[in-house]
Amino acid sequence: MQRITREMLTSKAISLLNDGTVSAVLGWREGEFSYDLTPSLFYTAEDIEQNFVFNDFCGANFSKYLVTKTLGIEGKILAFLKPCDTYSFNQLLTEHRIDRSKVYVVGISCDGMADISKIRAITGDGISSISCEPDGLKVQTIYDDEPKTVSYEDAMAERCICCKSKKHVCYDELIGEEGEENPDCNRFGKVAELEAMTPDERFAFWRGELSRCIRCNACRDVCPACTCEKCVFNNPNSGAENKAPATSFEEQMFHIIRAFHVAGRCTDCGECSRVCPQHIPLHLLNRKFIKDINTFYGEYQAGKEVGSRAPLVDYTTGDLEPGQVFEREGM
Amino acid sequence: MDNKNSNLQAEIVRMSGVNPRKCMRCGKCSATCPAYDEMEYHPHQFVYMVENGELEPLMKSKSIYKCLTCFACVDRCPRGVEPAKLVEAVRLAVIRQQGKNHLKPEDIPPIVDEDLPQQAIVTAFRKYAK
Amino acid sequence: MQVNEYKPLIVAFCCNWCSYAGADLAGNNRLSYPDNVKIIRVPCSCRVNPMFVLRAFQRGADGVILCGCHPGDCHYTSGNYYTRRRMALLFSMLDYLGIERERTRVEWCSAAEGAKFAQTMNEFTEAVAALGENKRLEDLRCKE
Amino acid sequence: MKVSYFPGCTLKTHAKDLDTYARKCAEILGITLEEIEEWQCCGGAFTTAKNESATKLSSVRALKAAKDKGQALVTVCSACHNVIKQTNYTMATDAEVRMKVNNYMAPEEPYAGETQVYHYLELIRDVVGFDKVREKVVNPLKGQKIGAYYGCLLLRPNSVMKMDDPENPQIIEDLIRALGATPVVYPYRNECCGGYTVIEDPEFAGRKSKIITESAKGHGVDRLVTACPLCKYNLVKNGSEVPVVYFTELMAEALGVKEMA
Amino acid sequence: MQRIGVFVCWCGTNIAGTVDVKRVAEALKNEPGVVYSDNYQYMCSQAGQDMIKNAIHEYKLTGVVVCSCSPRMHETTFRKTAAAAGLNPYMVEIANIREQCSWVHKDMEAGTEKAIILGRAAIAKLNLNTPLTAGETPVTKRALVIGGGIAGIQTALDIADAGFKVDIVEKKPTIGGKMAQLDKTFPTLDCAACILTPKMVDVGQHENIRIFSYSEVTDVKGFVGNFDVTIKRKARFVKEDVCTGCGLCMEKCPMKKVPNEFNLGLDNRTAIYIPFAQAVPKVATIDPNYCIMKKTGKCGLCSTVCTVGAIDYNQQDEIIEEKYGAIVVATGFNPISMDKFDEYAYSQSKDVVTSLEFERLMNAAGPTQGTLLRPSDGKHPHTLVFVQCVGSRCEACAEKGKEYCSKICCMYTAKHAMLVRDKYPDTEVYVFYIDVRTPGKNFDEFYRRAVEEYGVHYIKGMVGKVAPEGDKLMVQASDLLDNKQLHIAADMVILAAAIEPDESARSLATMLTASMDTNDFFTEAHPKLRPVESPTAGIYLSGACQGPKDIPDTVAQAGAAASKVIGLLVKDKLTGNPCVAESNELMCNGCSACEKVCPYGAITYVDKEFRMPDRTTRVRRVAQVNPAVCQGCGACTVACPSGAMDLKGFATSQIMAEVDAICK
């Protein structure tokens, strides 16, 4: 498959900007480090030519930005969406959170994005620059004279390794080849592994993971399913208000409540785990719900179709009983 | 029902993929069956008897070699029971046993006339022998 | 009844139309069940937010049970069907986190099933009592 | 259009007409039939038992050969079509059989029922179109009253075969019409001729066939057409007063390629 | 801060026997907000209620907690008490310390402890209560009945007789429906026309009833008591108010080869037509698909012969809008198509007919004037085979048949068989059945008469194949009791086709936000207790649109639906349940989750302008709950991800407070 290059995107962006199709472009801008990219709006061709970045660290899911960015702007925004982003985008359309007419979607094919922590594990700390070369990522650290090469395969983010679909479920235009859904991606492997443990082992596992939470709210802030006008955790009347670490219930329950809130709506984009500074595998909570939904109520992929009825706002008279959940698994 | 029999019953049900409990005893399978008059036990009886574990008489009956596998009962059954598949499962339960081939190669020469398409022989072997 | 010093705290959410009435019937018929069962009345089992269940656990409940009308008999026609899905998923998640599955339960109980209500509460209390105090949810975050 | 072609054993011996005319007509209609190399007998009958995998292998080999060429698989014989189509359906829907067959055959890429299976008639209806056939007719069979004899294998089980309404099929009637003849609908066109039971109980098969040919005659049928060698055998053998030909032969007559056969 | 009074009831010894009521009252005194706490033998007695009233005045209470029996028993009583003392009735909470405490526990200590906790929970909840007022909406005193069959006719007559205005919308040119096509009716065998047509005349002449025939409902807005309905009156090209129904136009119309749908295509009618002699309204209609004038612009014969000048070839569809307080759905049923059951040769032989066609063939006003003749050759049939359950109880293939029992076929087949044998004793009549289902008054007796007095051959088994051979229909069937395959040479085969809801029902249900089951039958509000109401308030169900029904059941349900409508229309205002959901628009995401779970269609979305903190305005999609429609189940509150949706009287914060109080 042809790799998407920065030039392919910038030329598309500039031409759409020039012919008036769009009035702004949602893209990536360099942050503090070359691997630390910030989603940002570009309004001029010059800005794009100078500052638009596209490399293997463009993992951020743009769909959520569109909820707010499309407000108060004249004309359309051009958004480059990877296959996984299009699912989130569709889900937001389903929930009426984005006005479709305000967005010009250019689907870009994706072979998987890199994960800086995986690279760091190979090269060690002190990364000063990374460049994307044909044979891999050239990583320069402040401790080494020569850059180290990390293969794309070794650098690939966990969520991309078990990518559920390379297919764009929504776009106006496509750059690169259209891919396929990948039903054999084994994304529930780790969930199944946990399910096979004893309750004590599971408890120990989750306690170990969740104990590291510093309640920075990054997972919530990045989650494309979390676009509430007012989050329950910020709402004093919700009974779950809790903005900062405390010893109270809301804190411990934060991740469970959050996972339940997005259950049936989560497209499994994996952003929560990507941004977690403590590397808590939060996607394993969401995937548990997805796996359960698939087994209990039939395959359902949030965002696959606009307007689909999410499993939690639906039912059949023959649904299994909560008590049967465990019988069925033979546990 | 003794144990051996209930195992066999379960095996036949599993092999056929048929759920005999879906039958509502309308008899449309038997009304439809072109081989009805050749059979000692009729399609609806296959369903009923398998459900009740009365397998011996079925397995001994020549009825299992009379089903034409025309699938008319399968298509016309209002409940999707698929009696023909049960007949086949009972027949397989018989001919898979040692020495129970219903048709043996030595039976063939005298019955073949020269126009008979080999399709008939091939099919008969698949139906009557393992 | 077994003599047990430890009395687990059980919170029961009962829908107004079937289960709360069933609990009343249990009372009318003087069918006893442990006093550590405390009932909260909700209009329909579908009013029970998973947060309520978690809150109860966090505040010290040892078991939480939801009671609603039998499927197909919901006063609001479909409320308990939503409950069924929500709680199936929530309980499965709690189990996934290592919280004993015996601590959570959904039971359908009609206004005529006073005896079933009492029996359910007896069984559930006993099952929870056998587990001992609920520490896990509170402890989930705090590594020793 | 190029398609993979599975003739089947009988078409190589007793039913050469069915095969030859099928090839001739395909040529005229712009279809290239590429015979699958080293095909094996389909077995004549599909075994419905869920724990049968060996009897599915020959069909799967043919299906896989077509898949490897990226072609649809076409059959003319009703029995082959029934076996191959049912096998294909099972491979697509029954995970257990799929696993067993693939484990046994150990292909590079497992086969899971991907190949599109057509009966020759379906190919004509869905791909070529009866209008095209009508255009190509040189000897319209005007005034001939033709009865279609479907038998069982083309239509049933309908959930798998999905060729036509099993109780009121139209596909051969439409073909007959396209060839310029008049189709005659008679009630036993989808009833069984007695099939393979002729081996063991020829009299029984005879009775079944008789009902069909008598009914056709009673409805004023001049000729019967069929797609199945065994059906033809049974009908003819039991003294059909109405001539029985393969549908491909009828096509060949109308399309003007019969003499060349 | 609330000022709460706590009243602990002894209920004689019912509570006081196991609960130390004085200790409970004492303990609850110190709860937050409590300014008064006392106990009394019988709080529900006049003296007890006076005690509450006095305390409300004396201590300026803002809320009352009564620790007593179940709220299902006396909540209403104490709410009235509070209201009488000037307190909002929803500022009363009950702690159930009898049914759920004293009666089920034996130990005084444990009982007392629990009672205190239950009281505490009630106080915690009450602290967060706000006064609630039930909303009132006016009621439009007019009902709409959709469908003019026997169900719609009966409902309309009953409502109209009670003095309310009713409109009937019927899509056909006349009311009457399926019953008008029937010959005799079981189990009494009186003729359908004899009992139906007088009712049709009553409808036509009733001062409270308007008939919109040849019309369709195209849009419904509003809610219970206040529906706005758009009705399309299709152009019939005849002025309804001018036409006298003399029928001269029909005599002269040159286009006489139009399949007559009233006789199910068994004969023909003219392009301008009145469906049958007793039609109401008795007005001609031009069928534009066949009218030569409409198609070619040349003819105009009917216009020439019409003495009153009723013909108007240029008439256009008319759209009218009306207001209604209640809507009754009476859209009825149709027999399913027999296309997929050609093993019975329906498409191959004219002598294979459906039961409804058979009704017309037996009907004195039918195509054969009531003489039973075979459609193919007009000969008298001698052997008739009836096949039951064609397409009913058919689980295998959804595209073929229906999973349910059509309910009416057993009885009408017995009727047909009996009538044939009665009129033509030289016939042999066979009925193939799976089960004979005759639950109804005098039903089984009726069926037995068919067998015992009329000699109808009832055979347990099904027909597998019908083969038209010559002028006979060769029927191949099974006789399960005799274990035989039967071959009958029949002259006619009559198929008891399954019945299905009219195809208009699905789109109507969407307009009405009324729920349907998977078979497109309307769902009732409660299968046992509210069988004639839809879960959507103000929508009522009459007849077979709710499920297969015979005439007695239909008329009974029609009357029941009418009485429910009358019960609604007599009210000047509707008082709602104040414990309804409410959406906080500032927090609402507009995601539609609540709308999807609402069983009543009470939630709608509007685009609303909001001022943002930065002084800009933003249009957002927000949920709005119609309190007149909401029943207060709370499903939406949990579906709502942002917590914008809350339920008054059972607010999230209130239930949380109860949980906290119990788990303290």
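Order of writing sets the chain letters: A, B, C, D and E. Residues in each chain are counted from 1.
FYI, contacts are C-beta pairs under 8 Å (C-beta built on N, C-alpha and C of every residue); 3 or more make two chains touch, one makes a residue touch a chain.
Because the structure is a prediction, the values reported are computed rather than measured.
Peer 1: Could you tell me which chains make contact with chain C and chain E both?
Peer 2: A
Peer 1: Give me the step distance from chain A to chain C, shortest route via touching chains only.
Peer 2: When the steps are counted carefully, the minimum from chain A to chain C is 1.
Peer 1: Which one of the chains is closest to the middle, using the mean of its C-alpha atoms?
Peer 2: E
Peer 1: So, comparing C-alpha centroids, which chain is the farthest one from chain A?
Peer 2: B
Peer 1: I'd like to verify one number: the distance from the centre of chain A to the centre of chain D, where each centre is the average of its C-alpha atoms, in whole angstrom.
Peer 2: From the centre of chain A to the centre of chain D is 52 Å.
Peer 1: Between chain A and chain E, what distance separates the C-alpha centroids? Give it in angstrom.
Peer 2: The computed centroid separation for chain A versus chain E comes out at 46 Å.
Peer 1: Please compute the C-alpha centroid of chain B, do the same for chain D, then give the distance between them in whole Å.
Peer 2: Chain centroid spacing, chain B to chain D, equals 24 Å.
Peer 1: At least two other chains touched by the same residue of chain E: list those residues.
Peer 2: 343, 397, 465, 597, 639, 652, 656
Peer 1: Pull out every residue in chain C that's touching 2 or more other chains.
Peer 2: Residues 50-51, 55, 59, 72, 78, 82, 86 of chain C each touch two or more of the other chains.
Peer 1: For chain D, give me the residues that contact two or more of the other chains.
Peer 2: 159, 167, 191
Peer 1: So which chains actually touch one another? I want all the pairs, not just one.
Peer 2: Every pair of chains meeting the touch criterion: A-C, A-E, B-D, B-E, C-E, D-E.
Peer 1: Which residues of chain A touch chain E in the complex?
Peer 2: 71-72, 95-97, 227-232, 235, 237-240, 261-262, 265, 309-310, 312-314
Peer 1: Within the complex, which stretch of chain D touches chain E?
Peer 2: The contact residues of chain D facing chain E are 159, 165, 167-168, 185, 187-188, 191, 215, 218.
Peer 1: Which part of chain E faces chain A closely enough to touch in the complex?
Peer 2: Against chain A, the touching part of chain E is residues 586-593, 596-597, 605, 616, 618, 620-621, 639, 641-644, 652-653, 656.
Peer 1: Give every residue of chain C touching chain A within the complex, in rising order.
Peer 2: 50-51, 54-55, 58-59, 71-72, 78, 81-82, 84-101, 104-106, 136-143
Peer 1: What residues on chain B touch chain E, complex-wise?
Peer 2: Going by the criterion above, the answer is residues 22, 24-33, 36-37, 42, 44-45, 72, 76-81.
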